[in-house]
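There are two complexes below, and they share chain A, which is joined by chain B in the first and by chain C in the second.
Our next item is the complex of A and B:
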């Protein structure tokens, strides 16, 4: 069946590959934070233990140890102790249960905000990150490509003005743009609110007052991500287009007397394909860059969640967020892989598919 | 040699070079004229720039010029060390895979592609947050180098596998040169300019990566770095307090380094890649 459906075969093949990548990412996510010998329960106990007597402290410690699956328990769910020291679950066993939990979407419990599940913290932060990043990156990608293509086609003054600007915009680190925006437009000029996701007097809900305040707070973080994406994409598209415009098939088409507009269409279509891959890479890179942008703006998204977690050594939240970011990036790459496979005739042929 | 001469005629390349040498001069020559002291307080918190302290003081009352010189040195150190590690690892894997092929190449390619899609910053966050005490500047550089080599491996691999099909390599093979000789004499020389460009980009990436994780509060414990200056400034309300001298110069330096390296790279690409020469 698969032989007759090369596209399906391609999709399944890529899906399998990305699933393996996912497993590797989960493994990294599990083992890297456990390289050090910091024990999350010690961290909580250090914070909470001061005002507890010995027996209730132990009771509490047992509860935490069970909760995080760090120790062996007997049939009644009591922590097994040898000479008063809890028997640790082997790392491999912990890993297997972590793998199972990850696959079912259970990310564990926060240490800092115990007993809040990590899933809840993330689902509160995720909508903010998504509304900030997706439209910004897609819009920046579209406009950046348009500008890059124009610069390549027109050359001259337009190109000479745009190119250095785009180069600068793409080379300025994301956090510098963010800090600059906060300082200039938020604090000096006071045009827009400097930090936060919405007016402190508001509660997140679907109402005109809340949405308009959220939109007002959206402007600066939006701009700081947008500018960088536009710059990077414009440069990529410009050099792709210059290259395509110099190829033999375009020269031949010109000699044949094909209309300029049609030639441009061909050029852009061919220059677009690598840029599509660029979109996936931009998504991947921007997730990291936008984390820091969020942090600078104290925007209530994943970036802030990770920052709070890092400051409080809240490992379950850190790994939960990083896992989610990785999965998002993997999904974006997967979708682009499939799209490129469908759009690029060369790759389509390489898959042995329809001509 | 002709190409190198052409390079020095490009205004973009010259601008990049001047900017980069400028930062180097600031890091290593400025101490001849300023007293560099990042330990003792010289005044109150966030004192504005004055004749005595050209860029004022930070939240602790420490001279900002001294902080910047130390921070810039640390950032350059990270860039150089991490850039070297990433370029060497990437080149070794890329050249081997591209020239040799075979099972090991397949495995390496899969591994490269795998780590290419897993976001580097995430791995950096996970690794740095697991090491609370031992996060030295050198360790951070090594970690950055070990997480960013992937794309240079992919780029170098593509180049060396196209070289493999060239006539002069085939001739060398027929004449009984060993693999090592072919790689050293007939492949690497052609890749040299390319590898140098990769190194420049890796250096820029490493400096930005260090600044990023330091901004998140995962910076080195044993050193001042540009990212750490920014992190401290934000944490101690330099932004809201309007103390621009506490963060603008550090930001400017990071940007100038990254920008100059990118410009140098783009200019070199234009010269060494004949397809773009026009």
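Our next item is the complex of A and C:
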């Protein structure tokens, strides 16, 4: 039956591969952070256990270890110790209970921010990350591609001015742009606020005062990512277009005397494909957060959440965030795979084997 | 043509999604931070709000007053919950708060509650509340009020026992009976200034609802109108800031301030990611007071500190190197003393900590402030090793029979008496803690020049804590930080030389992590523990000075740890763009503490708007 529906076969085949990739990624995400020697409870105990006497401190530590399922317990729920050192639950057992919990949608409780659930940490950070990145990536992509195509087509002075500028913008590391902007526009000129997401005197709500202050605070972080995206996209699109403009089919079309607008559309359609893939991937990876920008501007996004979790071996948060990133990256890839197949018959043919 | 529309349609969809996504941001955030107060304000006028910084680093997780570690403004603060007494660290006095007076006797400490003290629901703060708060620590070993019970026999209400509670009133006298063995009132006084009293009538039903399971109870966040007795209440929080609002009916207004209200209507703490952000916040006037570390403060526009010149801050603790005495030649006091002589303390002070320290003296007693009377310059000169003196370091090594092999001026190896090569010792410190990294580098440089084979080892912060507690180190950086309380410097010595909880390497110790002075070891020095037991019971000041001198000399001779520099427990920086009248060394009407923090709470009644 599938033979009759090459597109369906293509989609199902891809889906199968993505599911396998997903399983492998989840396994790696779980085991990798836990392979080290560190015990996340030690960090909590360092600040909470300092003034306790030895037996109280041990009791408190046991309570945490039990709560996070990190150690073996006996029938009465007491932590089993050998030579005074708690016996760790085998990682495989932890993995099985993690899978069980994940299936019910429970991502667990943060260790560092105990008793806060991981789901809450993610849902607090995600809107910030999306707000910071989605408009930046989409606008940057659009404008970058337009400029790139224009440069390729117009050539001349416009190209000679744009190309080096775009090269410069895409080559400067994100933190450099961010720090320079904070220094120049935030601290020296005091045109824009240097730190935070909105006026500290506001509470997030739908009101003119809040929205306008959020927009004002948004300018520097937005620009610091936007310029880089525009630069990168413009360079990519420019070379793609130049390549397409030099191909035989375009020359042939020109010889046939087809109208220039039409030729441009042909060029565009073909030059767009790799750029579109890039956009979808960028949107998928976006939930990983713009760590550097978040750090510089103290924007409370997912990048910071992941960094803090990794530094403190907060396993449930690391695993929860990487799960989210895995799912979105895979989904974005999947959508691109399917879309590109639909847009470009050549790829569908190559992947699906249909005639 | 047709297929080209698809990407553009996709783009259009994405662009439409953008404003939606940005709107989305505003909905979930207040939901997370709602405090349940229907009239919660949504904006805070700048001239009515005091912004504090450096006391909260991540998203708030719990405001539960019984949790081991709570977020601002609960932990060590007197904004929502209050302590019985407060400690004035400059004068060393205990100051009334919930308790109007206290009496220290041979075998007990008694406090009398202020008759005006009220919870914010109008009910009085009673002896039963105090007894309940402390008794929780007897029942649940993991609470902050638990450790004091190793010094307490019981907490009672004498008026109830004697049947003298007036009709319609309540017991105001609370008697803390000391453990008859230890007779040490210091930890009890510490508890009076550190343990926040909770309302029995609110907490008990919640604990019963949690079936008396403390772990379940501790999952409650207390973020919806928690009932306290303090001058401020939590009104809103999210991942960017925490805001408290003034209680105009606060009982203490009448008792302590002649009916005057605290000046700021709101006290808020923005949550930034790093010290740099608080520094920028201060310079831009978005933060009024901060406790964060800001290097080279004299170069920061408009930012002031306690002193207007070096050391800028009042030092209260001593960052130090902790040798693990179970590791080979580190067991030898000669080696530990040689290490102390080998370090260039002036470099540490000037290069690593921006000059925020007085010059280092030997011993564990601070040579300035309240502890100065227990410090003896003579003793330090005669027995101390905390001064940069390479020749003295070499002499110590020689006295221990060690030889150092140099080649082209570089240390190759160190040998013991029998000529056996000794292993390199490594100094552990968390990676990325830049001031500590510089300190360790300077120490290593000095030690190698003096012929001690030491190297730095920077480790991940979480591995660092494990290593510190289990003894998995040759030497490690750490600062023993007892709270500002009447028990200093005894409590600092306790963190360094306590042998009561001595366990072998691999198991955890939270005090004396270098495992010094094992009571079962033949080389055990009993005098340390004897003095530590005697000092809290000494009433006569001359006697006390004598005992501290002996203890400090003992410490210098054995050098169980190697002090490096002095440091403030909390830094204190402020700007006067919006609020003025903060205390400074020139006008020290209050100590350099954050407004809201312990005794620093009173700053809130003293500052005034700058315009």
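By our rule, the second predicted complex is superposed on the first by the 297 of 355 C-alpha atoms of A that agree within 3 Å, B and C clash if a C-alpha of one lies under 4 Å from a C-alpha of the other, contacts with A are read in each partner's own complex, and residues count from 1 in each chain.
Rule of thumb we're sticking to: a residue touches a chain if its C-beta (ideal position, glycine included) is under 8 Å from a C-beta of that chain, and two chains touch if they have at least 3 such contacts.
Source: prediction; values computed, not measured.
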- Message: Once chain A of both complexes is superposed, is A:229 in touch with chain B (first), chain C (second), both, or neither?
- Response: neither
- Looking at the overlay, does A:207 come into contact with chain B only (first), chain C only (second), both, or neither? second
- Is the number of chain A residues in contact higher for chain B or for chain C? C
- Message: Which partner chains sit in contact with A:187 here, chain B, chain C, both or neither? Use first/second/both/neither.
- Response: both
- Query: Can A:271 be said to touch chain B (first), chain C (second), both, or neither?
  - Reply: neither
- Query: Once the shared chain is lined up, is A:107 touching chain B (first), chain C (second), both, or neither of them?
  - Reply: neither
- When the two structures are overlaid on chain A, which partner does A:152 contact: first (chain B), second (chain C), both, or neither? neither
- Task: Identify the partner contact of A:311: answer first if only chain B is touched, second if only chain C is, both if each is, neither if none is.
- Result: both
- Task: Could you look at A:295 and tell me whether it touches chain B, chain C, both or neither (first, second, both, neither)?
- Result: both
- Can you list the residues of chain A that touch chain B in one structure and chain C in the other? 36, 38, 182, 187, 194, 295, 311, 313
- Item | Residue ranges of chain B in contact with chain A within the complex | 114, 117-123, 125-127, 129-132, 208, 211-212, 215-218, 230, 234, 239-240, 242, 244, 247-248, 251, 254-255, 258-259, 262-263, 266, 275-276, 278
- Parts of chain C lying in touch with chain A, wherever the complex brings them together: 1, 3-4, 6-7, 10-11, 14-15, 17-18, 21-26, 28-30, 32-33, 40-46, 49, 51, 58-59, 61-62, 68-69, 141-142, 144, 146-147, 150, 215, 218-219, 221, 236, 238-241, 243, 268, 270-274, 277, 280-281, 283-284, 286, 460-463, 465-466, 468-469, 481, 483, 500-501, 503, 506-510
- Item | In the complex, chain A residues that touch chain C | 36-40, 42-61, 63, 67, 83-85, 110, 112-116, 120-121, 123-125, 127-128, 130-131, 134-135, 138, 142, 182, 186-187, 190, 193-198, 200-207, 209-211, 214, 265, 268-269, 272, 276, 283, 294-295, 298, 300, 304, 308, 311-313, 339, 342-343
- Query: Where on chain A is chain B touching in the complex?
  - Reply: 20-21, 24-25, 28-29, 32-36, 38, 167-168, 170-173, 175-176, 179-180, 182-183, 187-188, 194, 239, 242-243, 246, 284-285, 287-289, 291-292, 295-296, 306-307, 310-311, 313, 315, 318-319, 322, 325-326, 329-330, 333
